[in-house]
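Each chain carries a letter (A, B, C and D) given by its place in the written order, and its residues are counted from 1.
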Amino acid sequence: MTGDDQERLNWGRWGPDDQRGTANLLTPERVLSALRRPRSGRVYQLGMELRRGAPVGGDRIAPMHFMTHDGGDFAALGRDDWGTADDYLMTATQGTTHVDGLAHVWSGGKLYNGYPFTEVRSSGAAKLGLEHLGGLVAAVHLLDFTHLCGPAAPEITGDRVDAVFAERGTAPEAGDAILFRTGWVEAALAHGEPDPDQFPVVALSMGQWFADHDIAIVGADNIAVEAIGRRGVLPPLHKILVRDLGVTMLELLHLAEPAADAVPGGLLVVAPLRISRGVGSPANPLLVA
Amino acid sequence: MTGDDQERLNWGRWGPDDQRGTANLLTPERVLSALRRPRSGRVYQLGMELRRGAPVGGDRIAPMHFMTHDGGDFAALGRDDWGTADDYLMTATQGTTHVDGLAHVWSGGKLYNGYPFTEVRSSGAAKLGLEHLGGLVAAVHLLDFTHLCGPAAPEITGDRVDAVFAERGTAPEAGDAILFRTGWVEAALAHGEPDPDQFPVVALSMGQWFADHDIAIVGADNIAVEAIGRRGVLPPLHKILVRDLGVTMLELLHLAEPAADAVPGGLLVVAPLRISRGVGSPANPLLVA
Amino acid sequence: MTGDDQERLNWGRWGPDDQRGTANLLTPERVLSALRRPRSGRVYQLGMELRRGAPVGGDRIAPMHFMTHDGGDFAALGRDDWGTADDYLMTATQGTTHVDGLAHVWSGGKLYNGYPFTEVRSSGAAKLGLEHLGGLVAAVHLLDFTHLCGPAAPEITGDRVDAVFAERGTAPEAGDAILFRTGWVEAALAHGEPDPDQFPVVALSMGQWFADHDIAIVGADNIAVEAIGRRGVLPPLHKILVRDLGVTMLELLHLAEPAADAVPGGLLVVAPLRISRGVGSPANPLLVA
Amino acid sequence: MTGDDQERLNWGRWGPDDQRGTANLLTPERVLSALRRPRSGRVYQLGMELRRGAPVGGDRIAPMHFMTHDGGDFAALGRDDWGTADDYLMTATQGTTHVDGLAHVWSGGKLYNGYPFTEVRSSGAAKLGLEHLGGLVAAVHLLDFTHLCGPAAPEITGDRVDAVFAERGTAPEAGDAILFRTGWVEAALAHGEPDPDQFPVVALSMGQWFADHDIAIVGADNIAVEAIGRRGVLPPLHKILVRDLGVTMLELLHLAEPAADAVPGGLLVVAPLRISRGVGSPANPLLVA
């Protein structure tokens, strides 16, 4: 799957003009089916708080928050009766829990579906922008691999994933979402950004697994799902997921709460901001158990 | 309901420390019930595109989008093989489709649940910030009043709303969401911000109606749900909904698509960004029909 | 001067690695000479206020100003004794009175001094960035052409400029700065952005004139010194001044105050922010009469 | 000078409506005199580069720079002939070399000249905003105290300062500027923000000295001129300089270059951006030797 002649591609699968990739798998039938998954009705937020000091991948800045009017202004004016407050947000779209749009990576000069990479310029992504992705409603599996944490943590491979499904007596279906808990974000929130070698990451070989199972959404509670690459190398699992398959990726998820309740999955709802020509969006994905 | 002695308040209803207001009505039972509403499985995005030129309330700026690296950079370097793109977003939280947080307005010196307005300062809302609101999953009714558009458009009153429910043979239940289509956003998108007098708004008297029906979420496809107030006057329906009742408001919704399909309602999912101490959040609410 | 074979270029004049252009003309000797020009000692600010509603060229946004703490916050906390305030600025570098850096325009694939245009990427200008320009101290001539305002205002040509110098009994010297008052900014401040045809602009033919006189700095109280070009055409005087000659341009100057005092010139001091890899900088040029 | 009954104030000295403080000392006569100071004509920039990684005081963010179009975009489009580039700047006004405006600090409920601190709200400083300060042209003394660097570096006191002037055979005059080199910024640029105890700071007792000599501008190559205060305490020298005396302060200056040339002083020109209602401004002060 690494050579161009072995690529398994979803290009053209939803037409030559498709800009949504595996979001197309989320058909009305699958949406209705996903809505029937929850048993408890409990809603978990998988987004982190947007604030200074929260983990941020790469050299991005943490979200900045500015008030343009507030209670203090009214106090200063001696207007103790009524008032309103307003605020602004400035953030790297990938500087907190976020959706990777399909224009985020390219290889061989091509974005997903064969669009030339030159469609992504300072004016944003003329193709595959986030205004096209749509709201995502899917059945979701939450896989917890925090038991792998430790010195030289091993990767999360297909064998390990298959073992979890076998133990649960379930299997992933086409159009499902899979979220991986590695413990990284929780450690980063507790102690600052930790040694990545102490935490498992999703193996490159899982690219084939995701393709074989026709997974629509892949997410994790770390910066890049896969190992953080060296500078100057395209993250290879991103190449397979985003560019070859058109899979929506979710990163910097906060999975501690559903994990504490041993939630195996349920319904996932992701509503990326419709950022015109955007390549990423901050998001607060919801898991309904 | 306008005099202080006649106020109907939800203060203390969910405890003295509550910071979520009517979001508390979205119990697991109601969530499970709401998930059973959809019939078609079609997912509608109710968020507008974030872009220059889209309608923006008040003197806020429209969302700004910056690329920090893109395909052009790689083209300039002659690296035609692979690359990645990244972007930043700067926006008034209420400068596109958004959630009004509970710290957005106050009256009588008090925010919802009796917190002093001085909790909202330049550092944000120390009480009622958006990090507390949670993901919102509710049954929703979409009411279309665009037939009222025209010179000196009448207000949307309880009688008119009751008539729609009677015609549908349904009734709103506690914890439901109600969204009003007035046509304003669609006109603004088509022609620039139009004369507000040509479009219906939700009447102040509806405050009592929302309280009587214990509605959790109220939204509309205009700037303020109610009439845009004069400067120097607290929007009175905001006072009732946000401050008295703790209702989550949704504004600048884009309702053209479900309206075109004559969707009467279904499932609403809103996932505000968890902006620490935020008073508003851009959002892309999803309606599943 | 428009054909490539007729170009008069300053490329290489200050070495193959030069990144300052005509700023090199501001030698210590000329600096000392310029410091002797003032007679009155009155200091004029030529920068506009940075605020919403001030004129902004093109589709840039006006400067935005955010307070991160202020007196209101202390009032809200009941701390009436002492405190501090802090603020942030967000601005298009060319969204107010500004310096055009030498990386701002290119032609024939080349920036000033022959650097390839591909040096200017999302990471900024790897060549000719504003960190290289330096502080500018020059003798300055202020030329007032507001008498040309009116329907179909004529251009400011070399004949007209020569006539002014002849009348004054002076002549421009190598390394001087020349600033043109056209009335545009004052009209824009008073009434919103006006019809550009009512105001004179500097003629393209002045490019040769500036080159012949070895002018170091050219500025005006309008958006582009020259006529605002159509989309899809490089502003031709910018091509000559910035790219061919390496001249520093100043735009959106506010010249009403020295003009009201009939100031013919004196000392000009411009201190661009040392924005690393920047292509423009907001500035408040000072004229000492 | 620390008790309220011993305060030496410039309040009212330039009228009850004054918003410029000691900038009023920079009379045309003193400007003309200052212009005669330079001997070499060499222009030094005292502003640092605005870039990620440069020293920033407090919890401010470093300047951010965004390109909105650049050479890469034209390369991507195959337009190899001509083009233009544009950029945006987002910065804490005090997040690089900057001017402290007179609305930056208050004590006893009062800003400089007796204005109530409640004039400084989220909308900015309604009094003492930077649009009022004006361009600053002054004679300047550069005092180098880097020989005091080391463990438990001593403070810079009046005795030490007097000794320097005595050695030089000069004396400061009313309306002069004094800049202190402590070595802090250079160490921070070289090695990241260093232990402040290793660097001298200006002693609190210098407040009286500055008042006695009627100094107009005080600056240093560190975060606060004085010792960085503990949280919850007003920096006491700021209280004297900014609030009592109306002195313009310059911070995070880059003084290595004039120091390397043993420049004792000369002409200082500071051109703060005219940020409407601003409390600080990034600046690139120029020293002409």
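Just so it is clear, a contact is a pair of C-beta atoms (placed from the backbone, for glycine too) under 8 Å apart; a residue touches a chain by one contact, two chains touch by 3 or more.
These numbers come from a predicted model, not from an experiment.
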item	value
Common touching chains of chain D and chain A	B, C
Relative orientation of copies chain B and chain C, as a Cα rotation angle in degrees, nearest 5	180
Euclidean distance of C-alpha centroids - chain A vs chain C, Å	45
Length of the line joining the C-alpha centres of chain C and chain D, rounded to whole Å	25
Chain D: positions in contact with at least two other chains	67-68, 70-76, 88, 90, 117-118, 120-123
Of all residues in chain C, those that touch chain B in their complex	52, 59, 61, 64, 67-70, 72-73, 76-78, 90, 117-118, 120-123
Contact footprint of chain D on chain B as seen in their complex	66-68, 70-76, 88, 90, 122
Footprint of chain C on chain D - complex, ascending	26-32, 35-36, 38, 40-45, 47-51, 58, 60, 63, 65, 67-68, 70-72, 74-75, 80-94, 96, 103-109, 116-125, 131, 134-135, 137, 234-235, 238-239, 267, 269-286, 288
